[in-house]
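Read from first to last, the chains carry the letters A, B, C, D, E and F; within each, the first residue is number 1.
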């Protein structure tokens, strides 16, 4: 995992630019727009999916987006609990890092 | 995947009884109760987590529970879309089986 | 795994039609078209990716496509060997089913 | 999962023969021989590894081998408990099938 | 992976405290207590499960616990061999880090 | 992920030496030799398998080997596209790191 949220953002933007410059890969971004389910719920779905698949950078991305959509701490922990039950104790190290990310963000 | 929803339910109950009789394993069931997030959202989280981890029986379980909580077809497809984007094309066979399960349930 | 290749094709087409009718999900199909790498190589990549991720239906799909692109039995086994080394002995049951699929197809 | 243990054994032997006839793949079988750890412990390790990776056929193989090495029901359930805690609730459907396999074997 | 064992322990304790303070998640710790199987065997099961699921922090935790339970180097390597055969060459980078952790611990 | 390619090579060699000194584990290296499929294709298969299984060190290894076998940038991106479609958006962070590795290597 990249060391700080700021470092993650920098690295992500730099490499995404390199990837997009190759003009070969497309990344679908409409999935998380409002639909039958609100954006907030979709971002929570993306967060839990990322946690059980144990992708730290994906978790970081969705923790940030969830916070932007107004997810509260108790709601985060409800989502974490589902990820933990479904994915087992191997999710715990990723949970630690998710909570560390959450603490880097402004509280609500 | 067990052939029909009815067969799945029968097999699941029979084997769960055998497992619980051994009196060794405990299965946490409070995670999906109402908390900061409503039950419906939690079940959707369980559904998407099960899809990206590609567990057909888990998907069946949460499809049934989501329907019981009032999840509509468009909401199901929004959740499926997140699972598909996060988990990739290997999710597609499980999506086919999830939709087949959905068609076995009474419409809303 | 669906029992025969014919049953797989039927189920796949029926459920794909149901999924596409919902008009919500898009499935990228241009990835496997000829580019810097020939179609045959891309299908082999799809096959090995499906084997190490242990998705039987995906393996079936790519076994068929690889055969259509002229992949020979020794080439198939070279690809299987990479999947086995990278993915470990848990790939073996999927290898058995891949070989069973191969035997259902007309030889070359 | 193949329907019965007998059907599994038949299919496994038939396909293994087809695979070995291709004379390309080698399968390491010395790993489970007695070493610093006894065979019984190694088979339990193979069982739990197969459960958390959710490979039903691998689980079947190691359930049979564990029983042959004298693993008792309470020992099986101790191993299942570790798999369940590490791998989460997605392991449960595979646990059900493991217990069903165990019931097919002669008791000890 | 956190850089040193000491750093790992510090980070783990700090984040666990933050997580437990939220009073929402429970972590089952009785699974690894002595039962039909001895603690040492259970820790070896946890180690191999963590290796095939490729969770470095989990591997670190169980390497330490196994050593505390008296697991010798040849026994560690027997367990590593099972993880490698079951999980394939993708386990190798995690094996390297497991061995590095082992070298940080006092020898027996 | 180890910080630089040079650091990765150093760590890999040091730990491999420690592992081989234990004289217990064997690593099959013949799989990637020329056979029915050329070495270049086999290395691309290893690369895509490593990407969908999200093993950064394995990806680094195969990126280097692919480059040595003459894989061009457009060919790399074709392989990346297959990995992305099969494995989903959780592959993206690993793609970023793969591209960063590619930029560390001499261009062709």
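Operating definition for what follows: contacts are C-beta pairs under 8 Å (C-beta built on N, C-alpha and C of every residue); 3 or more make two chains touch, one makes a residue touch a chain.
Note that the coordinates shown come from a computational prediction; the quantities given were computed from them, not determined experimentally.
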Farthest-lying chain, centroid of Cα atoms versus that of chain E: C
Pair sharing more residue contacts (C-beta pairs) when A-D is set against C-F: C-F
Chain located farthest away, centre of chain D as origin (C-alpha): A
Rotation, 0 to 180 degrees and nearest 5, that superposes chain B on copy chain D via CA atoms: 120
Copy pair chain B, chain F: interface residue numbering same or different (half cut): same
Chain centre separation in whole Å, for chain E relative to chain A (CA means): 26
Junction residues of chain A - those touching two or more other chains: 24, 28, 35, 50, 52-53, 58, 74, 77-78, 81, 84-87, 89-90
Chain F residues touching chain C - in the complex, by the definition given at the top: 28, 31-32, 35-37, 41-42, 44-46, 48-53, 58, 72, 74-75, 77-79, 81-87
For the chain E and chain C complex, residues of the former touching the latter: 52, 84-91
Contact footprint of chain E on chain A as seen in their complex: 54, 73-74, 77-78, 80-81, 84, 89-90, 92-93, 95-97, 99-100, 103
Parts of chain F lying in touch with chain E, wherever the complex brings them together: 11-12, 15-16, 18-19, 22, 24-25, 27, 50, 53, 55-58
